[in-house]
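Down below is the structure, laid out as structure tokens.
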Amino acid sequence: MPAALADTLLYRSLFQDQDSAEVFTEAAELQAMLQIEAALAKVQGAMGIIPQAAAGAIGQICRETKLNAAELAAETGLNGVPVPALLAALRRAHPDCAHLQYLHWGATSQDIIDSGLALRLMPLLDLWQARIAALLAGLARLATAHAELPMAARSYGQIATPTSFGAVVAAWGWPLLGFADSLQTQRTALSRLSLSGAAGTLAAMGLDGPKLRAALAQELGLNDPGHSWHSDRSGLAGFAAWMAGLMACLGKFGEDLILMAQSGLSEVKITGSGGSSTMPQKQNPVAASVLAALARQCIGLSATLQGAALHRQQRDGAAWFTEWLTLPQLCISTGCGLATALKLLDQITPDPSAMARGMDDGLNLIYAESFTFLLCALLPRPDAQAVVTSLCRESQAHKTPLADLLARDFPQIDWRAQQAGPAVLGQAAAEARDFAAKVAARADSWIA
Amino acid sequence: MPAALADTLLYRSLFQDQDSAEVFTEAAELQAMLQIEAALAKVQGAMGIIPQAAAGAIGQICRETKLNAAELAAETGLNGVPVPALLAALRRAHPDCAHLQYLHWGATSQDIIDSGLALRLMPLLDLWQARIAALLAGLARLATAHAELPMAARSYGQIATPTSFGAVVAAWGWPLLGFADSLQTQRTALSRLSLSGAAGTLAAMGLDGPKLRAALAQELGLNDPGHSWHSDRSGLAGFAAWMAGLMACLGKFGEDLILMAQSGLSEVKITGSGGSSTMPQKQNPVAASVLAALARQCIGLSATLQGAALHRQQRDGAAWFTEWLTLPQLCISTGCGLATALKLLDQITPDPSAMARGMDDGLNLIYAESFTFLLCALLPRPDAQAVVTSLCRESQAHKTPLADLLARDFPQIDWRAQQAGPAVLGQAAAEARDFAAKVAARADSWIA
Amino acid sequence: MPAALADTLLYRSLFQDQDSAEVFTEAAELQAMLQIEAALAKVQGAMGIIPQAAAGAIGQICRETKLNAAELAAETGLNGVPVPALLAALRRAHPDCAHLQYLHWGATSQDIIDSGLALRLMPLLDLWQARIAALLAGLARLATAHAELPMAARSYGQIATPTSFGAVVAAWGWPLLGFADSLQTQRTALSRLSLSGAAGTLAAMGLDGPKLRAALAQELGLNDPGHSWHSDRSGLAGFAAWMAGLMACLGKFGEDLILMAQSGLSEVKITGSGGSSTMPQKQNPVAASVLAALARQCIGLSATLQGAALHRQQRDGAAWFTEWLTLPQLCISTGCGLATALKLLDQITPDPSAMARGMDDGLNLIYAESFTFLLCALLPRPDAQAVVTSLCRESQAHKTPLADLLARDFPQIDWRAQQAGPAVLGQAAAEARDFAAKVAARADSWIA
Amino acid sequence: MPAALADTLLYRSLFQDQDSAEVFTEAAELQAMLQIEAALAKVQGAMGIIPQAAAGAIGQICRETKLNAAELAAETGLNGVPVPALLAALRRAHPDCAHLQYLHWGATSQDIIDSGLALRLMPLLDLWQARIAALLAGLARLATAHAELPMAARSYGQIATPTSFGAVVAAWGWPLLGFADSLQTQRTALSRLSLSGAAGTLAAMGLDGPKLRAALAQELGLNDPGHSWHSDRSGLAGFAAWMAGLMACLGKFGEDLILMAQSGLSEVKITGSGGSSTMPQKQNPVAASVLAALARQCIGLSATLQGAALHRQQRDGAAWFTEWLTLPQLCISTGCGLATALKLLDQITPDPSAMARGMDDGLNLIYAESFTFLLCALLPRPDAQAVVTSLCRESQAHKTPLADLLARDFPQIDWRAQQAGPAVLGQAAAEARDFAAKVAARADSWIA
């Protein structure tokens, strides 16, 4: 009985990302906890905190046990956390194993859960890194291919000046380059072991606490934070903000596609668009709309998760539960956003003739700024701007091309040439190619 | 692979509400759509828009068909909406039924989906109405039982003046009384048929559109809106805000319980509290913390849903999908919040002696305001207030009861009497009883 | 040094609403507090709680005093609330007036501040009611004038079926009708007296508390809540949600105008559009963009204010301050949104020829649904839909009008007639006129 | 007529931060724009894009002009941006200066406004860096001074195990260390020149665009982004998230202080607390409540600003205005949060005896975990845990110290010793001192 569309059979093609969701299965969660408990015992055994034999037995049991989430549910419902139920289940399954008394020695639930989450987030970041790299590579190809394809730049929905489709594509990609880079910062911030004991002091470990924490971090491939961070949620809050930022970029990509595909403009064709139950002609930009919706969802979930960093005292159940209620959906929707953007990238084709029509309906208004600068050869710029502004109004009122009006009043300048030359695109093509070059140059750093 | 804790086996006891979730199963959603299609055909048959025989056949097929959500998934993924897939599945299942050409005659996907949602929300509101009524009844019992049990009122966490536990309970209940009343407004706003055709004009219905809409509304037990509301999402946005408001009240109940149960104050005992994996003495207010977390989650989801009312043009896929991504979780968490609050209500017991200790640690500071008013018999109030303020400082510095200091300086007044009399509680007991009376008086109106 | 653009000289034409802001000046706030204190004394005098002479003197002092906000600042900074500073200032100004000892008798700061806010919100609601009524009247005029002006309805940005501009205008107006009605509910909820004393029990008033509260409510023209609502913030939270809902509707109006005014579509001309610092042809839909931005801001502020309803214990300074930090800006931006929408309404002119071009680029795809229903005379509907879908693709590929292709394959139907008749608009004109009629019918109820 | 409490005289001591607000005055904004225009002309003059003489004249005019915000208001209201009005005002003031035709050559409003904001944010970050450093230094002092002062750690509001006040202080500081470090990342991200011309292509600059951008960046001390970022708002969105993260940490500090100062616990005294208008004994933790409120406000504003990164096409007025409507308030409240935290730091004094009482009400339950580990010398840990859990219940039921019960049942262990030794604090003291050492070690890096 799904609370999330991602969890339905019906809507999973739109809103689910199986690969990202793997990390948030109950099996994966329980598995990670067992891995932490096993590693804790191993390191405690090596340091003599618990008997070596116990460490070995605990390790084997943790590796071999398959826990049944349903059986842990009732006790989890009581305690708020699944760890006591998990420990009890292991002991119930091995009633005669005396070694199990050394299980979970000196740790607390939050250590196991937060560390387990750190472990699970690593493959998620690997997955996303590959997707962002693929997205950047695809955008780079598209930007290169259409570096000089002219189209109208728009602000406030109004035609501004010419740009190129390649430059527009590069503008989708530039911020993604930043997120590709900062993903590494996220990895460092998130791959933190938590081992602080009941209330952050590791008291049950005696003097060996910090040494044990360092060794356990090494065993698990996580960072040693050097102190307790039970109540410091800035790592997860920052990750939430990172996802919101990434999704805003992908949402912009979706919104721009919806606008470019609008009937009457149709600057971009999107194959695989959606049909209507009643309108035969409809080709709805469904995936682009999904992207915009996921972005809104993620920005909202991220705000709630950032708010949960207001974590009271040494541990705050209410704030911690708020993280649990938002993080999985936020991650899955972010993963789905990346997958949807990748899919969309293969489905879009610019329509050069529609773009040409979109730039100029025959009145040449898109060249008004460049005409002004040309006219500065004859007039001071404020005067030139006033003249062109006035001719723009005349052009619109009488449906006469602006170039014709300018040629009428200032015949000494070749106004037609201005619209054809490469100068009209300014740095557009160069930015498109530069973006592709930057992607190529940095591709190695993400894969390593 | 759950995006929502509510959808896990492990955490369902904490965050799931099966009864609310029923409404959001795929089975329920598909069922509601079939019910709309059947009713549409029936009414169209009766009005002669489609053949009577077709209406009968469609009705029977819709009643008898069990759709398999998984089979509709691929086509839903393409179209963004499940309706075309649903229609195709019905036709595939009955390839020789010519009547099916009259299925979904003149309707659009959004009509079916929005109307289906309206149908499904009705039993949800019934369920919640009963829960709110039970919660109010429980609070009324508690308020009555402890109408005169003195405890410290607190502002900013500081002791203010005496109140009674019954008055505190009533304060949890007063706003719930308002939500019990406004649930009826929600019902009216949400039980609206949508039937506007492809783009809000019902063009495919010819002149009979409005008559058909009215008849269909009556058939389904929904309201006839009298016009298209495809792009008017104020009903759902208002419902989201209503849930946020309700959950803020329940979250306050949770937060107050966490504070009252704090070690060292313990004014309330909560049975069934949660244990720790390492601390034997722990009795964590888990359910109260869950309530606070659900409130934060719901307030956040509600904001996203309210934002989706910024719905562009005649239909906005991105905005509509944003509703889908938030509404089910918001409703399920609201349902879970009500269930959790009901459970908690049975688990709390006030501790009169702890409350008495909490009121007065022997220094009588909680009576400072009432002492001031007593002293006004001898001094103007600003002077009285200055005297008492100064004696409060002396009392704290020397650990001497304030009443003793006042008796030393103003022996003509009986300072001890003030602490014992019923006047000290002001209207607290009356408010507790009045709340219970209001609940009793209005109980009938909710059940009807 | 303004934290809010509304408070700047530079941006006030865009983001300020002087009339709404009046309510939130310090002068208005202090004035309202003085009015409450005067009325409290008057009623207490009449009931014999304080001497009649004191009541008279306090009333006169409150009426005649002009407080200087700057002088209250330091003490307000210390106490968190301005009331102690206000009382002290009155006493300082009248050092010899013994009557002033009866000032603020038995009340607490929150009583004065919350009641003062209630008083101040009443004229704000009056102002907005008049603006919503004017907006509805303007929309009704526009809907009537263009009830039959055909334009393309769009979903997902794609052309759907024909509608009329009047129906589009009516769709902006329908939800506003709802907000015009629910404004009355807000008035009732907000015009609540708070008088509960130090901690909600009115203890300082003795047995007369409830009688006094009722009398004071009558004196001030506010409702008597019948109990303490210090910690029940559902009234303000509901008001915040109401503003968010209203602003989402106005934001949709803005977004739709931005889309309709897009270069290349230009279905609507907006006079008074904004110029660029460098592009002479630019006519940016500035006011429409402001409306969309104000909507986003208000939805966000409203979420914070709704979250502040999680108000702990008997009074929660942190939650209360959060209200203060959001409410004034939320109200002023809502007022500004209404004013901006009113201004925009006078600036928009539909362009029938652009609308005609937008409906049909010559391929007739907008009629695809109605052609399908025509074709049902010859074929079962699924077959008809498949035929038309296929001809839509052919039409687009070969730039041949869909009607020509249909005429080629099904010459027995007059395909051209379909595009011309009034049936093509369905209920569009009727909905436009019905909306105007509803506005006219209800106009009286708002003014009363 | 203030929309923001920060802009009032009455509330400025609570919610204003004059130093942060300096950056957002109209004077500062206009000044920064003039500085950009002057530098642009200077660099264009040096590169021969405009005449050297014009560059000199423009520079002088920009330096000498004092613009009157009120005079620019009407035109700003029309255009949505103040730049056209600013240019016009300069030309009006110097009607005969022909050089002014070269003012703003090839730039667009957004270049000037975004670059001006970048310039203004730099001193703001300097200011905050110093405050964060001071806050860390103060926390380090406090942590060192009380590294071994025992108090109860709490989770879910319940006593967990002993910790030290120094460790609690260090926990407030650890995440701030992270924000001190990441402030540098923010500086890099924010100090970006924008120079992209009308629509991101710098077309008006001819081939020299990128060279000009690099030179202008150097002239202004900003980074050269190497491309247009008009529509890439990830820098500001990331800054918003950074502020939300910082404020959540400060809000936690405030919330913890409110909890520690609670009547009945009083582990911390806060001098300078607020008084009540009616309760003489009240000492409300006003500043701590302000901190919590500012945190909630900032988290909300940040979410709106992060959402504005969904920026459509080449420039999106609605999204841009949304940034303007949130950023100043967000920055001023963040600055106020830092100032308030600094002030609070000087006002808090731990109360060792209250902390001792808070740890142990005589029943020793806080030692239950450490008793369990002691008992493991005699029993397997699950048995030990079960025994101690059972004795905890007995201890509570009969008000008998847990140590007495354990001594009764297991006389061979010295249970009293456990409560006294330093081991009971675990790593608490070490963490407190380690935090102080880290602050000292890194202090230099922030100041440089």
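The letters A, B, C and D name the chains in turn, as written, and every chain counts its residues from 1.
Here is the rule we go by: contacts are C-beta pairs under 8 Å (C-beta built on N, C-alpha and C of every residue); 3 or more make two chains touch, one makes a residue touch a chain.
Everything quoted here is computed from the prediction, not taken from an experiment.
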item	value
Pair joined by more contacting C-beta pairs (B-D or B-C)	B-C
Centroid spacing, where centroids are CA-atom means, of subunit B and subunit D in whole angstrom	34
Inter-centroid spacing, subunit C versus subunit B (mean Cα positions, whole Å)	24
Sites on subunit D at which at least two other chains make contact	106, 154-157, 160-161, 197-198, 204, 255, 258-259, 274-276, 278-279, 284-286, 289, 292, 296, 299-300, 303, 307, 316-317, 369
Chain contact graph, described as a line, ring, star, complete graph or other shape	complete
Parts of subunit D lying in touch with subunit A, wherever the complex brings them together	91, 98, 100-102, 105-106, 153-157, 160-163, 167-168, 170-171, 174-175, 178-179, 197-206, 209-210, 226-229, 231-234, 237-238, 241-242, 244-245, 248-249, 251-252, 255-256, 259, 292, 295-296, 299-300, 302-303, 306-307, 309-317, 369-370, 373, 376, 380-383, 423-428, 430-431, 434-435
Residues of subunit D that touch subunit B when the two form their complex	152, 154-161, 258-259, 261-265, 274-276, 278-286, 289, 357-358, 361, 365-366, 368-369, 371-372, 385, 388-389, 392, 402
List of subunit D residues in touch with subunit C within their complex	1-16, 18, 21-22, 24-26, 29-30, 69-70, 72-74, 76-84, 87, 104, 106-109, 112, 197-198, 204, 254-255, 258, 272, 274-279, 284-286, 288-290, 292-294, 296-297, 299-301, 303-304, 307-308, 316-322, 324-326, 328-329, 332-333
